[in-house]
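Heads up, there are several structures right after this.
Okay, so chain A shows up in both of these, paired with chain B first and chain C after.
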Partner chain A sequence: MPEHAGPGTTSTVVAATPQRAVDVVVVGAGPAGSAAALEVARAGHSVVLLERGPYPGSKNVYGGVVYGRVLDELVPRWWEQMPVQRWVTRRSTMIMTPTQALTVDFRTQAWAGPPYNGATAHRSDLDGWLAGLAEKEGAVLVPSTVATGLLRDTAGAIVGVRTDRPDGDLTAKVVIACDGVNSFLAKEAGMFAGKPTGHVTLGVKETLRLPRSVIDERFGVAGQDGVDIEILGCTRGIPGGGFVYTNLDSLSVGVVVDPHGLAGKRLRPEELVADLKRHPAIEPLVRGGELLEYSAHLIPEGGYDTMPELVGDGFLVAGDAAAMCLAAGIWLEGVNFALGAGMYAGRAAVDALKVGDTSKTGLASYRRMLDESFVLADHRKLRRVPGLVLGQRMQESYPAMLCDLAQGLFHVDNPQPKPGLLKLVRRTLKRHGIRTRDVVSDALTGVRSFG
Partner chain B sequence: MIGVLVVAALTWPGPRVAVDQLTGTVRTEEGRPGASAAGLAALEHVFRLAESLGGRALAVTIGPPQADEMLREALAAGALHVLRVEADPADDEAAARALLSAVAEHHGPPDVVVFGDDSGAVPGYLAALTDAAQALGLLELTADGGVLGGLRRLDKGRRERLEIPLPAVCSVEPVLRPRRAGLPAMLAARNTKIPVVRPDVPQHRFPSGPVKATAPRAYRPRARIVPIPAADRAIDRIVALTNGLGANALATGGSATVVTPPDAAAAADLVIEYLTEHGYLGDTT
Partner chain C sequence: MTYDQPAFDDHMSTVDFEVARRPHITVNNEVCRSCRTTDCVYACPAKLFVPTSDGGILFNYEQCFECGTCYQVCSGQGALSWTYPDGGHGVAFRKG
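Coming up: the complex of A and B.
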């Protein structure tokens, strides 16, 4: 797989004087980029935030639940200003076969008030808000501008970016690449050298409009309370998962699937979304929804082991650009990791500027801050989870086995007496060709990862 | 021609009205920020005109603070001045007045104003208010020796060339892509404060109001006296009386008349003739 092949550009070597146009250039006004620019601007340094879309959020896709806890550090009382659709107070994990569904449904009103947990939000609103915060602190947002390559000095240190505008070179003491998955800049900087390739998954999503009252009724919520349903077993055996999220007056419905698996089965991603919408457990929830938007985007899913080098001379990589997204079936968290990483990248740039050393050594506090925070701690801890959750057993055998087990347990077969639970488990495992050894081994991996 | 003022009037996409198909609820949604393709074409035309006429390019819009972004990009791309007009015009005439008042107050009377062709009747009103030449829906707009030239589509793929005297109000189709602003200009424009004008113009000069509907009444057409048809059988007389085209039309299954007038004027004559004949246009007895 040539995912790391890069854009085919080599960096432009410039005779850089110590004088630079700005202190920091951040490429990409997604959550990572805006968080980085906010921190740099707050510290009083000049920072330019380049965004290829006409406005922040215009090129971005997510389902999307954002876990805002990391914002506590960035924006005090963020929940009073963040453009939220609904606060997630109900999180359901659903496993399904084409005709069955087994749901673990958790609900807590503790998440319905400050300081909250997760919220659904529209990307254009969220990204616009975050970039606006950075602008208010003095960051200069330049939309409709693509960073097409890096500028290096004769010693190879990164000293700026080239853009697609006339007179488009912009020199800076630090470049922070927050250009999302498949980062051309990180590749051009050589950060992915020697790293495994092919670890991207494809997220596709439909936004369906439904009246707010209908959503409230169907999902059993009121006010601004919302629901997040994560689904396993809905992707015809292709590694991945599905989701349904409630916005205020629309639903996000989609799947995240392995593109190689799709190609292998000659399936189009929208067929899987259509399957999901037709499923007897989902159809009553989405019935009558008016299609507002269809979008697709790649997601880095390899986790910790596929992350690139994070620090170079004059260069930092954050967010999806550094594969910091957790995408494994029932987990889809990327915005919180991007916010955290962007924030630390901004702080590291500020540290380096303070001591006048923006070399790899001067910027080393980035890696340290990430190591000590949830960003790399969670990724390290959950490094085996993608392999576990996206494996064949978790994707196909276990959902079918668990659904059958539940069906066996609740099916009343009089005049036969009820079967004993152990017998039922053994019988179901056997029917699905699952060995006890595999179950124990998967359970151990799970315990080791989450324990 | 030093000092010619060439104005790009950019339309800010206001809120969109959407109807929920399930409930019929009507709601308004903010439009996407930024100039329309036709607005951007107008801006590029204005830059080119200002270059050939040796004049000043001004970009103006009526819009909320969110429209500043669009004006900043115009500034970066080459506009000498920008102006945001804060007004809530009730109709296109009021919009034309607000634009004119704001531009005139800050930069003097405009010599050329170019709109995108999605600007409703605003260009027409502006031309009327300023007594300017009006050339709308242009494919091309150029200036040669101080005279504007326009090219406009006609039916059947034909084109007409226009010579447009100054002052002029024009609108253009979205056929030109705007030039790309350089990065230094973009950066400089980011920190520019966009001048805002709140023109004090009367909303309506003409006492025109919305269309008024009277209380609904039953439709009672006026009685007409028609000569007794000359037919022997009663049925033929009834058919002749109840069908304007006579029994022949009934026999052919309806009263539709297919006519193929040679041109629009002849078609209009036929329509008027038909309506008159059937008593819809005044007393014909």
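Coming up: the complex of A and C.
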């Protein structure tokens, strides 16, 4: 039995008595884990929330926009408490080539008041707040502690976790694995058997300090309003994308990129961020920003078809650990899915404890609740989107083609007369070697996914 | 136009680490010497894999983000032994 967590962990078989140290152990105090612990504690059961970092959020990195509506079910008037930097009232999608940028820019003041839509927040603030909510309901947060493997009874049911504390075995009636993208516990439990693995994207980010008034001016916002820019075409043909988000007095600028694509192009991730910061459409926004923190993290990007089994005997998997993150170009949502899944996992554990059956059958309500909610409904609907958005056409051909099309439309070439639109489209498609057939097929995939 | 991209050390100096005694990741140079892709050299966001003149890899675990990218991209059987650092050690992001 290795005493450290990693890809090589194995379970320990213990002689389990029906007596357990606690009702539920939740591994990982990210959004999924804290939501799960909150629901279990609220129902009056004992629950320990294990976190390997010294404080919640210390190991976690994201872009950073949280979509908070899922919190309606957990915390009344959550927007009055959540540690928010800015409320997103302006959302832009930018497609670029090294010298061009075409932006669809949307803003609405409907998102500037309760119940809002997206909010920027730092993970250390957000994760700390969420874990604090669980603690207030009676969950016991145990930081600086790694779950290094699973405990099983002789029949294979999961009956607890081993930790790296002295006397660190902790038995429980239900273990909820919310340990994030590397998902070592679910792998150890065999939940990924027969599933495609390795569908991860690397995210790297710089947090850049700028005075609040400068951000307000450059991004055209006031008060606590903020901006979210998602970018396609900024990763030199390696599948991925970029982002710029406004915090109160800093910006989050980064790229997400297929890590398998870097060596082939002899590129490093921080070079792609530097590229983005130099781009003529981005440089004026980030100019002079002082680097506060450089950070990186993996993202599960495979979507629905790469999700593991979610329920085992005495075992549930939620959040990034179950690949529930939606990472598809202009969408980068994982915190909301993690919160939703964690909440349902907590409720399923409570259902099972109530009837005294924490087997796979007793815990089955988890899958049902997920199926009926946005968590799996959205993922099922969008299952083909990762492939579409990360494909070569969406990554390289379309951004270049659309930018050229826009340039063709706006370019005044007197004394040449203006070209007709159809002709311009046909000419641009041809120049970029794009077949109408592919455009139609991609459009259909898009319509089927989003229609 | 010139652009001030701080050197990579300046990037890493913005991150806090509670360095543990135990190296939580180790590299087996026997395997790396016959690796043709050296994906780790390009993909590790903390730039911890440095190729050496004899075709091996110099690796220092101390400023690791614990992201998992290296073991995901490495195709060398047994090249990496990969674990999380023990509780409380390793990277501690302040913003994230």
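Keep this in mind: the second predicted complex is superposed on the first by the 445 of 451 C-alpha atoms of A that agree within 3 Å, B and C clash if a C-alpha of one lies under 4 Å from a C-alpha of the other, contacts with A are read in each partner's own complex, and residues count from 1 in each chain.
Criterion: a residue touches a chain if its C-beta (ideal position, glycine included) is under 8 Å from a C-beta of that chain, and two chains touch if they have at least 3 such contacts.
What you are looking at is a predicted structure, and each value in this text was computed from that prediction instead of being measured.
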So, after the overlay on chain A, do chain B and chain C clash or fit? They fit
Which of chain B and chain C A:267 touches, first, second, both or neither: second
Taking the superposition on A as described, I'd like to know which of chain B and chain C A:145 touches: first, second, both or neither. both
Quick one: name whichever of chain B and chain C touches more residues of chain A. C
On the A-aligned overlay, A:48 touches which partner chain: chain B = first, chain C = second, or both, or neither? first
Apex chain A: angle to the C-alpha centres of chain B and chain C, given in degrees as a multiple of 10: 50
First, second, both or neither for A:298, with chain B first and chain C second: second
With the two structures laid over each other on chain A, which partner does A:167 touch: chain B (first), chain C (second), both, or neither? first
Touch check for A:209: first (chain B), second (chain C), both, or neither? first
Chain B versus chain C - smallest C-alpha distance in the overlay, whole Å: 8
On chain A, positions contacted by chain B and by chain C: 54-55, 143-145, 163-165
Given the complex with chain A, which residues does chain C contribute to the contact? 3, 5-6, 8, 10-12, 14-15, 18, 24, 37-39, 41-43, 45-47, 65-69, 71-73, 81-84, 86-88, 90-96
Per the contact definition, I'd like the list of chain B residues that touch chain A in the complex. 20-23, 25, 32-34, 69, 73, 180-184, 186-187, 190-191
Residue positions on chain A within touch of chain B in the complex are 48, 54-55, 140-145, 163-170, 209-211, 214, 288, 290
In the complex, go through chain A and note every residue touching chain C. 2, 4-8, 52-55, 57-62, 122-124, 127, 143-146, 163-165, 181-182, 198, 200, 202, 204, 206-207, 250, 259-260, 262-263, 266-270, 274, 277-278, 283, 291-298
